[in-house]
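Next, two complexes with subunit A in common: one pairs it with subunit B, the other with subunit C.
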Partner chain A sequence: MVVNDIGENRVNREGLKGWLNPTRYGWERVSYWFQRLTGIFLLVYFIGHVYETSSLTNGIDAWNAMLELTQTTGGHIFLILVIGASTFHSANGIRLIFVQSGKGLGKPGRPDYPYDPVSLNKTQRSGIWIALILSAVAMLYGANVLFE
Partner chain B sequence: MGWKFNMSGKDNSGDHSGNDNNEEKIHKKELNGPKKTKSVESKSKFTDKTITLKIFRINQNNEKSNSHFDEYKVSSKRWTTVLDTLLDVKSYQDHSISLRYSCRMASCGSCGMKINGVPRLACYTKISDLISEDDPDPTITCEPLANFPYIKDLVTDFSQFFNHHRKIMPYIQNTKNDTIDSENLSEYVQSPEDLDKFLQFSYCIKCGLCYSSCPTVATDMNFPGPQALSQAYRYFIDTRDSANKTRFNIIDDRHGIWRCHFAGSCSHVCPKGVDPALGIQLLRSHLLGFNKNEKKIAKLREK
Partner chain C sequence: MNFENISKKQLFKESQIMKIHYITGICALFVVAIHILMRVIMPYNMSLEYENVVMNYHNIFYAILLEIILVLIAIHGFNGLRIILIELRQNTAWEKSMTILTIIGMISIIAYGTRTIIIGNGLEI
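Right after this comes the complex of A and B.
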């Protein structure tokens, strides 16, 4: 449905800037931002990973040469970021599955000043913090193993 | 009830970053007697200040006019709202500023704008909540709501927003209990529990703050937005309404409810406690079948 015909000079859309700035709307927006960034990062990693493993078809030397890339300091840092991104994306994703199933949100009622929204409650904030802490712990463990 | 705070002369502020809670605490202390005067005094220390008001200027009908910010110096007291300062500037410094307002008490939803980068109601946001007492040159920036096309200065075009609202059919539909052709006056029978399920969503004043803050609307204008979707839930859960399938077909779309990712910004900025994010997640849980819809259509009773 075409809802409105807007001339170019009137467009006032935030576009990508709208979600690239997570600082104005609380922790839920930060979580949304992290979820998107880690999702894009993991997609890029996944494509690279498929390319890396496909090098096995060119023989063992090609495979070893590709593995060498991950044995450098830069390669280790990249792998630590992959560990952190996948941990956060999974843990926060599980929270979002519950949220979108209507669990842990609270019930509608009669709003009272100062109108704290029940959907942005302690359960949600705790979920976000658990995802962040798990991610940090996984990255520390990964760094310990890789830089041993 | 929210109104009791206004009865004591307390001005409701739109700053939801914690100042509201502080003010509520102060108010409660005021009610409790002399112990609390320390907090009240600290709040009343806000002295009259001269602030710089930066106002976004644009005129979409004038091709020669480029968008820019104009700055004005305005004096402010503890209780002065952003709308007060805007009207002060319009009355005494620059008559050409355009803004939309009406009730001045957060009931009409007309004066929504981006204040210091966050969508707020100008009549509901106090200057003293936005600036620090120690700031030697406090500046407040007023811009039109993002994601709404410009018209002039702070006035934006709401037609797209209202089209989305209209599209989800925001009215009671019930073919079995048709009240239009009834010869006798009649009413639906609803319990207080039935009412509580949709009451908060019916408090929406259509100010557009949620629509402006939504990151999905920012990139997809065909997304109905938090306001329309929460209204879809408001009528979905209302026991007088029987058009669930019709509304589901409207929102179950590529650009529909599935594009909400629960950033929560809509609920964060809502000045009336509607909590659109809650309505959208509950609606989606019903659509996915996680929540059983045990709604029983209310019976019609003749008066």
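Right after this comes the complex of A and C.
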């Protein structure tokens, strides 16, 4: 247990459960979720991709055996998910860079009932929607290339 | 708890690490776009044929591009994982262990990928 300077308990009581709880925060929480889930998914893909391409060093037979495993319908569907995840992660990541530099958050105001946060304005919500739409378009393009 | 001492022991402040995270993310976006373009300038299946892939590795500019992608995504990806992991628990021992673990992961994947690029560059068709 870690206690800070003013004696507060700093243990994150909810842990993963709090991280995954979508009920309290609306669209921002959904985007927070997607950003992390797509990030983990893309890191796993990246490690797998580095590993699969290393079969090149074992010659043409090893390379072709790897292609037989990955260039299947299932492999293509997985790649389409990678395309969608990377597009969402990039577009939403750019939105988050603007948010952290204070752009598009609106002016701070007095908290009045029903206490809607000013930061969750139209700009932010449309940013999340744009990221979702872009990833859907990228997935369609990817499907078109992979299944042509 | 003395927070001054913790920050003095760190190589980078968290704010600096976040800047590195954003810069590597944006740079990776551009270099990965070039990497994907190389797959679609010819029919996708043809671009994956052994001879074409080895030819890519023989092109020194493309090999450098692959190395840049490898380093940028390893830094961005493993730092992202570190951020997620240290959000789950807040104590110095956990944060230090996660930082060390992710740095080991980052270095390992860069070393393994670099090995492929170097061997691929010297392969004969």
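The working rule: the second predicted complex is superposed on the first by the 135 of 148 C-alpha atoms of A that agree within 3 Å, B and C clash if a C-alpha of one lies under 4 Å from a C-alpha of the other, contacts with A are read in each partner's own complex, and residues count from 1 in each chain.
FYI, contacts are C-beta pairs under 8 Å (C-beta built on N, C-alpha and C of every residue); 3 or more make two chains touch, one makes a residue touch a chain.
Predicted, not measured: the structure shown is a model, and the values here were computed from it.
**Q** Once chain A of both complexes is superposed, is A:Leu81 in touch with subunit B (first), subunit C (second), both, or neither?
**A** After superposition on chain A, A:Leu81 lies in contact with neither partner.
**Q** For A:Ser54, decide between first (touching subunit B), second (touching subunit C), both and neither.
**A** In the superposed model, A:Ser54 contacts subunit C only, not subunit B.
**Q** Given the touch rule stated above, what does A:Tyr25 touch, subunit B (first), subunit C (second), both, or neither?
**A** Only subunit B is touched by A:Tyr25; subunit C is not.
**Q** For A:Leu146, select first, second, both or neither according to whether it touches subunit B, subunit C, the two together, or no partner.
**A** So A:Leu146 only meets subunit C here.
**Q** In the superposed arrangement, does A:Asp112 touch subunit B (first), subunit C (second), both or neither?
**A** The first partner, subunit B, only.
**Q** Give one of first, second, both or neither to describe whether A:Val99 is in contact with subunit B, with subunit C, with both, or with none.
**A** A:Val99: touches subunit B, not subunit C.
**Q** Could you look at A:Ile130 and tell me whether it touches subunit B, subunit C, both or neither (first, second, both, neither)?
**A** neither
**Q** If you stack the two complexes on chain A, which partner ends up touching A:Gly39: first (subunit B), second (subunit C), both, or neither?
**A** Second partner only, subunit C.
**Q** Touch test for A:Leu67: subunit B only (first), subunit C only (second), both, or neither?
**A** second
**Q** Of all the subunit A residues, which ones make contact with subunit B and with subunit C?
**A** On subunit A, the overlap between the subunit B and subunit C contacts is residues 3-4, 10-12, 15-16, 19, 36, 100.
**Q** Where on subunit A does subunit C make contact in their complex?
**A** That would be residues 2-5, 10-12, 15-16, 19, 36, 39-40, 42-43, 46-47, 50-51, 53-54, 56-57, 60, 63-64, 67, 71, 86, 90, 93-94, 97, 100, 145-146, 148 of subunit A.
**Q** Give the list of subunit C residues in touch with subunit A in this complex.
**A** 1, 3, 18, 22, 25-26, 29, 32, 40, 43-45, 48, 50, 53-54, 57, 70, 73-74, 77-78, 80-81, 84, 87-92, 109, 112-113, 115-116, 119-120, 123
**Q** With touch defined as at the start, can you tell me which subunit B residues reach subunit A in the complex?
**A** It comes out as residues 1-2, 5, 12, 16, 20-21, 23-24, 60, 63, 117-118, 144-151, 156-157, 159-160, 163-164, 167, 196-201, 203, 213-215, 217-219, 221-222, 261-265, 267-275, 277-279, 281-282, 284-286, 288, 290-291.
**Q** In the complex, go through subunit A and note every residue touching subunit B.
**A** Touching subunit B: residues 1, 3-4, 6-7, 9-19, 24-26, 28-29, 32, 35-36, 96, 99-103, 105-106, 108-120, 124 of subunit A.
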